[in-house]
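Below, chain A partners chain B and then partners chain C, in two separate complexes.
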Partner chain A sequence: MAGRLSSRRNLPYLLVLPSILGLLALIIYPIGFSLVNSFRQWNLQTSPVPLGFVGFLNYQMVFQTTPFLDSLRNTLILSVAGTFIEFWFGMGIALLLATQLKGTNAVRALLIMPTTIAPIVAGFLFRYMYYEKGGLLTWLLTQVGFPVPPQGLLGSSTTALASIALADIWQWTPFFAIVLYAGLLSIPEDIKEAAIVDGATGLRMFAWITLPSISRTAIIVVMIRFMQLFNMFDLVLVLTRGGPGTASRTLSYNLYQEGLVNYNIGVAAAMTWLIVIIVTILINVYARVAFRGWEW
Partner chain B sequence: MKEHRKAISRREFLKVAGLGIAAAGVCSVAQPALTQTALAAGVRPRAKAQTKEIRVLVVGDPFQFALEKVLDDFTSQTGIKVNLESLAYDALNARLVTSFVSQTPDADVVTVDAMWTGQYFDNRWIISLNDYIKADSDVNLKDFIPEVLYSLNLWRGNFVSLPIAAYGQGVMYRTDVFEKAGLEPPPTDPDKATGWTWDKYMEIVKQLQGMEMDDTKLYGTVIVGAQPVPIVHMYTQLAASRGVRWFKQFPEAPWDFEPTINSPENVESLKFYKALYDLSPAESINYVWFDAGTRFSQGDIGIFFWWTPYFYLVKNDGYMSGTPSKIIDKFAVALLPKLKDDAPQVISNGGWSLGIPSSSAKQDEGWQFIKWACSAETQKKMGLVKDYNYQFSDFARVSLYQDAELKAIYPYLDTQLKLLQQGNGKIVRPPMPIYSTLEAIYGLQINKVLSGAATAEDSLKETDMLFRNALTGNFMLPYKLESYDDTLENARKLIDSLAA
Partner chain C sequence: MRMPLHRKVLIYLAILLVLIFFLGPIYWFWALSLRSPTSAFASPPEFFFEPTLNAFIYTFVNPGVNRPQLVSSLIVASGATLLNLPFSVTAAYALSRFRMRAKQFLMMWYISLLMAPPIVFLIPYFILMSSLKLRGTYPSMIIIAQTITIPFSIWLLKSFFDEVPIDIEEAAQVDGASWHQALTRITLPLALPGIIVTSMFAFVFTWNNVIFPLVLSNQSTATLPVGTLNYFATTGATWNFIAATAVVTMLPPMIIFLVLGRYIVRGLTFGAVKG
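Our next item is the complex of A and B:
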């Protein structure tokens, strides 16, 4: 009897064991391996194997030998500004789509296209459009009187980061538009009708009915895009390689440079952990504010 | 009826997870230790005889196109088929390092950049070719330009590769523009180069700036400004030629990597480079290697200096486009200027070489391929390939620079040889073990000066500090490992001993 009870008690553990083992192998091990490496001297330029534990030297080197703080500043600007602009542009498009204008179906189909293009391809596309001599965007901006720097949009430290952001906005605004449009469609008609009866129109309707009704969708999609933008790499690689100087260097590009160009595994691992800590803090702050009052 | 389940407490879960993490940690420490043991034991795949196919990984540079055209010759001569794969620079290095670290055999012959030789050989990823060279007298080692072998192929007294494409740096200028401006053509013979200094070069650039030619307003010059690697390739040539050195003592023994990068000579050189940029198209701050060459071929640049492959690449209106450029018969090449008439010249010798990975099971066949590809016969055939308006004159053998047939196609060969013979790649871009890290720092700092984000003084002060941090952090400063007296004289002795 006692044996039967004991085996019944252990059954849940046995059932979750494969998942736990899978988790250990696929997630915990790489994370643990990278954590260990962040404390080891392991530079493939000098040795194919780790040379030993060096304490926090790699963390120190992240700040002393790489433009980590410049990259962090650029990443934060890109993530916050990019998410903000994409959200509101996306919201505008979603509201337009929700009005069921003529041709909405065609627009919906077109909208999805940029998001299906690989970022590296979008990068090449924009590279040509930013070309100093006859690039479409350079030409357009010149026509409307925008002072395009002589070294080109990608070659000037005042416009390089914004040019990367613009390419990302072009590609990912439709993602916001489609997700928010789906949210708008889920708002019950009776709520909207009740609000109209109560005299709500225009901005009031948007601020007090529409936005609160899709707030959960919006909060989640903003968080996802923020994290994606925080990891911005492809467009930086193709468009500016982080330049000029460090004007458009992001954390992910910094990480690529250290790990896959300099092959300093120890420093790259330390940098990874610093980025993980920063993202975790930011997301936790966001979650605490945005998810307040949510029932899970 | 309500079902009751026993919940797993947080404490129990943490216990299990903690054990798992501990186990993972032990594994992560143990795995490299095992790898180290295997390496120490010298576990290497043995060469197999009578293999009929080899894999060759090359970088996507001009020589690759010429090599592909003559590849069938190798198969018909040896019966060995070649599976040739071309990759971009970064991708090739990443692919090779991944293969080497994981000890997964990938290719039997690989392209090795001079900058990778120290890393690859010290890590035992590629093998020494000394024994092969010594056993094969038909390699004709004495025919190679010693300065090229020294710069590209030797590390710690070993041939780790042989050159398939040897580059130097020289000047290209518009003959019609010079004629119109009433300028003397720059010299092509070092013995008749009195007065050919960087100051004179700047004077010419300034004179050509803004000049009208065939309804085109000219820029005096064009530079390469993209960071980190391209700008270092161009800037270090200028700096080395003006006496700048990276370290207190390297490559001569004993190695001392105390940085000497923040020197008055370098501050002046960096200001000079910024001045050249100010006389270049503004967008050249973003230019990579081929952008500068392509810009010259477009016809609005008066004079510039760059890698010798551009002596033929600028004959096309775009990079390897095959369409003749508008300046195809309106340009000539010349020597690189010096700091002063009595100052020694140092040319940046670079290029591509072929080596054999230690993980290859077909090392003998790989050696046959290298010997064939780097032979005078094959190199001449590559030079005679007509595609892209004849695009291969990166010869590493002296005999090919005296070949009448090749000289008729590439009239600048005499000048190119003289440039290569003034070369010392180990001074211009020292191939020491953490070169890539230092190059990334240096390239970024030089670029900052061009963009106006830093002055030459501040940039080099920061470069010096970052160099010190990187060198100290990687245990290179002070250097406690074994040095090698890596001089041209010792290289010549090695060449003599292997060729005997």
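Our next item is the complex of A and C:
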């Protein structure tokens, strides 16, 4: 019996073991590889194998030879502004849908379409619409008197990052709308009625009843979306390649450029570690807030 | 509560504007795939034009430049979905059914992998797969996709297992069934819809992924998004071809999401919001 019991106690761990081993096998190599090579000089264009150890030189190079801080700044602007705009735009749409007029279900099904398509395809859509001559958005903006820069919206350092953000806002606002709408529907009727009896209307109702009731859902989607924006790569690749200059370069794109375009494996490895540290801190802070009191 | 008519009209108007903003770009690109090259960049833009299927014929029928990429996309996305199931079903079942001291830690670990930037795994894999002579093969892409599909599926599947009442399983065990009989005969069939939903999401995520195949595929194993990107390297008016391949890339996820219906919220939030 004792043997049976102990085997039963180990059973859950035996069942999660394949996933843990599988994932560890997948991530230990990249992490170890990056750690070792972040201290070695290695450019694939000049040598197929790593050269000597160089101490912390690669970490220094990350800041001196790549626009790491510019990329970090762009990434933060994109993540904060993108999440903020998508959340409130999505909330507005969710409130419209929550009136439950006829046809809401069909609207909901159509509305999610931008979120279903590949981010890279969303990039194609917007690159076409941003085109300097004959691009739909460029044309529309010119019609309403917006000063479109002569190099085009993607070619000007003042509009490049915002143009990437717009494509992302287009793709992911429906995500917020649909999730927040589901949250709004789950608020119990009696809470709303009690608030109305107490005289709550409009903005007050929203701030005191609606928002607190869906705060848990809201925090989780904000966390997920913020991190996805923080890892932004696909739209940058197809829209601007980080340009002009470094105006729209994100952390992920900077790492791609250094490692897989310039083939500076040593510097890229050092950068990988810096990014892993930043992301680990962010995720830990977020997950602690989002899953506080969560029942596992 | 009855709503005054003018308010109803205003809300419908707002919803109409929202739909135009979010569906307009998709319509505009579908239209591009049916345009002639001269209509593609007409200035001002042409809202009415004579449609042609030439772009689809060139990309998928004759000579069908992008047809092999459609096959590659299907192989990689299906392969990644199938490979992930044995790992995620067992783990999600355990995390849902048993008390484990490490549960919270494990769930946090999975979700942090899910939210880490994929590019940090990619460069080492590029070197590893190159030295193993595996770069350009389907397995290299299917395996690295597991860094996303396994943690995602565990989270989503756990939320489905949580909803299968544990009483039924316990009753079966009281009747003398072993835990794996209870699992395979009772819990798995009841959780099957959840497993199918999870597989559909895993398929879409891998289908839509571009960063792994961008670096790990070669000419004969390139997936659709990578093949479409290649058009940007060639000069000349290829936007119609880009649009035709992009339309074909968009369709499977769109259809799958229409089928998924009420599970969309849950899937996109990794099971954390039930919806």
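Heads up, the rule we're going with is that the second predicted complex is superposed on the first by the 252 of 296 C-alpha atoms of A that agree within 3 Å, B and C clash if a C-alpha of one lies under 4 Å from a C-alpha of the other, contacts with A are read in each partner's own complex, and residues count from 1 in each chain.
Here, a residue touches a chain if its C-beta (ideal position, glycine included) is under 8 Å from a C-beta of that chain, and two chains touch if they have at least 3 such contacts.
Everything numeric in this text was worked out from a predicted model, so none of it was measured.
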Touching partner for A:L260 - first (chain B), second (chain C), both, neither: both
Greater chain A contact set [chain C / chain B]: C
First (chain B), second (chain C), both or neither touched by A:G245: first
Touched partner set for A:L57, first chain B, second chain C, both or neither: first
Partner chain in contact with A:Y29 - chain B first, chain C second, else both or neither: both
Which superposed partner A:V285 touches (first chain B, second chain C, both, neither): neither
Partner chain(s) touched by A:L154 [first = chain B, second = chain C, both, neither]: first
Touching partner for A:T46 - first (chain B), second (chain C), both, neither: first
Touched partner set for A:P18, first chain B, second chain C, both or neither: second
First, second, both or neither for A:L69, with chain B first and chain C second: neither
Interface residues of chain A shared between complexes with chain B and chain C: 12-13, 16, 20, 23, 29, 33, 260
Sites on chain A touched by chain B in the complex: 9, 12-13, 16, 20, 23-24, 28-29, 32-33, 36-37, 41, 43-51, 57-58, 60-61, 64-65, 67, 132, 149-152, 154-157, 240-247, 257, 260-264, 267
Parts of chain B lying in touch with chain A, wherever the complex brings them together: 5-6, 8, 16-17, 20-21, 23-25, 27-29, 32, 35-36, 39, 90, 94, 97, 100-101, 119, 122-125, 225-228, 281-286, 433-437, 440-441, 444, 447-448, 450-454, 466, 469-470, 473-476
Interface residues, chain C side, partner chain A - complex: 3, 8, 11-12, 14-15, 18-19, 21-23, 25-26, 28-29, 32, 40-45, 86-88, 90-91, 93-95, 97-100, 102-104, 106-108, 110-113, 115-128, 143-144, 146-147, 150-151, 154, 179, 204, 207-211, 214-215, 225, 228-229, 232, 239, 242-243, 246, 249-250, 253-254, 256-258, 261, 264-265, 268-270, 272-273, 275
Residues of chain A defined as touching chain C within the complex: 8, 11-13, 15-16, 18-20, 22-23, 26-27, 29-30, 33-34, 93, 96-97, 99, 101, 107, 109-121, 124-126, 128-129, 131, 133-136, 139, 170, 173-175, 178-179, 182-183, 217, 220-221, 224, 227-228, 230-231, 233-234, 237-238, 251-252, 255-256, 259-260, 265, 268-269, 272, 275-276, 279-280, 283-284, 287, 290-291, 294, 296
